[in-house]
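The chains carry the letters A, B and C, assigned in the order they are written, with residues numbered from 1 in each.
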């Protein structure tokens, strides 16, 4: 068959025309573009009415007053509540991801009973509660046989727990370590009583000694709002902020001045500053001023330089700022929210006394003890600390038969966690009331899942740091919790009833409402997002000179370095591992893959013979932690700093096995003269691997 | 040679971020992730593969202790007035043609060639290397404001555009003017959540919005001003070392190469 | 065993030997195929690309093979339009090389884009401002042109050619070949240029950005020139490699030297403009955005030695060698110059793809490092293997080399 040019052209044109006119191609293309947008495994969005419901978000220690946004009843986001006088519309980074946490893969799905080493079996609530009753009943009426540890600082749950224990004949109620606890002790050493508060809003110079007030200390969001109000964008600042601590942290990054103070020298720094202020004319009417002055005189500028490595000009600069300020405020705290002895608190707080700032606007205040909802509950100022308790369990001094752990993680978040876990092993029956499968739940004999904050009633009385008595309360946002959980207090109140006790409330909701009534607040207004505030009490403090005289003086040494644990609220808390929506915030100079970094400045690195990126191990006592070195010029002299809250062995795949738990190398010692367990002045040895 | 011509809009959404107030807390990053349905990441420390529409950078004055200073810089998409990314997309999956000047990203159209990512010097664009994996059940906590993206498409901050549409609807229902929204009627998630109020958001052309004056402040600057991308995100700092880190000054350049404000 | 399929009057190795050779190549191909299927199943997450390096080995590979495959259009232009008849000895080879390069690049691109099913969107939603839209149009059309140029060669296979319809179809296509060559030259000029234009328009990347003429940055012209400056000699290198492997002469040296002269002339023009461009960029453009020449380099992997190697050792040197008859006419030197030339152009594509986006433009950002991982190497290797397969089959069964019979008497 011949094919001439005409035939050829005809074939080609025919082919092209045919291709264009058949629907196959066009339909096929259309279909492929639809398929590529609608694969079945891509999640679809939820539909429905969007509402914003007020809630008390107790994912952070202070609690944020928020509005939870729901679509068709499902929570999906958290925004601030502008009308709340405490939060003022702010939301902390942890609460910002609060809705997603309701579905955290670490959540305990139902009551679990331990059936073997690391093995659990899901059981029904009736069986779980029966087991609880079975274990508690024989221990009734024996002092110290039933113990409880609470990780909640502010809720009426503590009243329920301590009253339950009291009714069962036990006074073994303990709280996890925190600022509130040590500050209360510190105030006692200064001849006063009550929880201290700090009026950041009213101050025109805020010196934070250790206290990471703009990120993880106290009522962080309220502090940030006060900071923001004092420094409006584009205008003149109305207040100065200075941070003195071991590392240039988030707070220090926005301060007018950062003073790098090694964690072993906090008290020395305060006393050196006191000395400089006294030399510049500061006088106090406190009863122990003469003693204080004599003590401070030992902390000369030269001594100051020896202890901290800082030049005397730094002190002079601070004195000048104080002189120019009309309403200065010194906030005392450990740089990582716990473990500082009361003496560090006293040293910093004494500056407020020296400058006459106690009970003044923009100064330090004292809060009266809050009225109780349950009369037999332990007063907050009489709380005992869980670290000492577990230490005595370890030595056999205390022999509880049952331990109730409420929203706390002592197997992870206490110094020397391995020993704490071992101590807990000595206790026959442990119940963990926990929302998440944390390290403590992983050791418990019975895990009773607690609801997420947006699934329950709860409240917060005087979160640590508030200048005035403050009370917040909230009710659930959703009708039914995501998991098969029950409010721990509901469970305990029911058990109390069965054990023959009457605590005045059948459910936690009742207890919270009773608290509101006792305080004089309108529960419904609070649940709608309001806050109740009262007035601080009057009262004076002395300078704590007697206690301070026993403060150890630290010097920088060649072999060891001072160890500064660091907290960043976004990375989690003592009760909460880094939430899945926050893991992204962790910097790759803090955590890379599975390696946690230890921060130190170039001079310290040189002294230790390590370079940037080197693998090292840090040891203290019997504990050891592995890390990579990151040279960070924001770290104080002779100090190594590392983040708390990593190295989890439970929780979920977002956090398990990432980094190491630096609680292992926090060594606990007894504070001179106060008997408190302290670990903020730990030192470590650093060696290359 | 003509570059992309800069389109002018009557309304120009922008930000002024006060770097003297950003503590690096990360609430903006979390709120952004939540609002835009970005799945949690198993290895969030590998910043080369994470999706961070809003990303907080850490800047340092590179001095030795104790003169060391740091600042935190939140970086959303700059929504450039003269974007590098819009002209290069082969399928018009990104455009800047809606009143307000927000640079859009159309997920169903993006073919995932990543040319726009190569173009953006701010690294504001991210690629879905794999399909999003939400922990079981967490799909119930998805925000209704942003569709979930499959793998193989590029995504970026769009100033929470759904909130703009909702604010306009609300204005229409209440008899207001959707083209002249009140200051604060429309705020992206990051600006709304920032606890120190470091992120101010609004219409740069509207004298009644705070950003109007703030953008003109002597302390305001934009990143990489000299490249001529005309970002709509301004930064402010009273610290000169922070402002100087906003652009390259290594070479003096020819006349006319000085920093330009809009 | 397959003797009947050989072209007329030539010898080929035994079928067994050929099979062993093909199995060997297949191994690489299959390994790459496995990687490719993994990529389609799991996504680009399995490669070494990341947020800073959206472009990596694949794009470098694509741009390099497209430049190296420029021999097809340029030789076609010279032979069919400028009527340089001697090139008929090697033109078929250039078409096959071109076909392999472009079809291979297209295959890589299906993996490189995140949503391959949407690849056709470049036609449905074209962006008149985007160089990449232009590239999509042109490389798909040009690949079609190459297929059209390759088909007659296949139809001239001894047995197929016996079928009258196919014989006439091939004949008619040959008659119209000038038209296709013209279209091919037009399309190629534009996409070779637009590939360069893609980098030159990046105002956010000081390393790559250039001023230019009208809408075309200088890199547009530089990329066309460098492509035609290496394409022809790459074909010569392929030919010589085949000769070494098969032990048969395929193209006479005179033709090879002519291709070298063509490449060398274009390379010289290219290097001249490249040097001017680099100087202007370093002295005028970089300071205007506050950056210095030194800031464009970092460490060893992004060191200045790469640019020096690209422009001088693998640019200026081969250009001089190829335009100097006494050097060019020495086979060893011709091939050396060719190798240096091709390396130089590949380096140029690599630097514009990878180094350009490694440089931190934000002053507080850092240099990042990129290394392709096994999946990227395997798939690139798959394309090379694919090329070997196509070329092996073509050599064995198609009348590619008009001079083969006379050179191997």
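Please note the rule applied: a contact is a pair of C-beta atoms (placed from the backbone, for glycine too) under 8 Å apart; a residue touches a chain by one contact, two chains touch by 3 or more.
Remember, it's a predicted structure, so these values are computed and weren't measured experimentally.
Enquirer: Taking each chain's centre as the average of its Cα atoms, which chain lies closest to the overall Cα centroid?
Expert: Per-chain C-alpha centroids compared to the overall one single out B.
Enquirer: So which one's got more C-beta contacts, B-C or A-C?
Expert: B-C
Enquirer: Between chain A and chain B, what is the gap in Å from one C-alpha centre to the other?
Expert: Spacing between the chain centres: roughly 30 Å.
Enquirer: State, to the nearest whole Å, the distance from the C-alpha centre of chain B to the C-alpha centre of chain C.
Expert: Comparing mean C-alpha positions, chain C is 39 Å from chain B.
Enquirer: Using Cα averages as centroids, what's the distance between chain A and chain C in whole Å?
Expert: Each chain's C-alpha centroid was found; their separation is 60 Å.
Enquirer: Two-or-more-chain contact residues of chain A, please, as numbers and ranges.
Expert: 33, 36
Enquirer: Using the touch definition from the top, which residues of chain C touch two or more other chains?
Expert: Expected reply: 115, 118, 121, 124.
Enquirer: On chain B, where are the residues touching two or more other chains?
Expert: Only 47, 50, 58, 60, 131, 150 qualify.
Enquirer: Write out the stretch or stretches of chain A touching chain B in their complex.
Expert: 33, 36-37, 39, 41-48, 50, 71, 74-80, 90-94, 96-97, 99-100, 102-105, 214-215, 220-221, 224-225, 227-228, 231, 233-234, 248, 250-251, 253-254, 258-260, 310, 314, 482, 568-570, 580-589, 591-593, 601-603, 633-637, 652-654, 658
Enquirer: Help me check something: in the complex, which residues belonging to chain A touch chain C?
Expert: Touching chain C: residues 1-5, 8, 29, 32-33, 35-36 of chain A.
Enquirer: Report the residues of chain B in contact with chain C in the complex, numbered from low to high.
Expert: 1-4, 47-50, 57-60, 73, 82, 84, 86-93, 109-115, 117-123, 126-131, 150-154, 223-224, 226-229, 245-254, 256-257
Enquirer: Taking the touch rule as given, give the residues of chain C at its contact with chain A in the complex, in rising order.
Expert: Going by the criterion above, the answer is residues 115, 117-118, 120-121, 124, 164-165, 168-169, 172-173, 175.
Enquirer: Once bound in the complex, which stretches of chain C touch chain B?
Expert: 42-45, 49-55, 112-115, 118-119, 121-122, 124-127, 129-133, 135-136, 198, 201-206, 211-217, 284, 286-292, 295, 356-357, 361-365, 368
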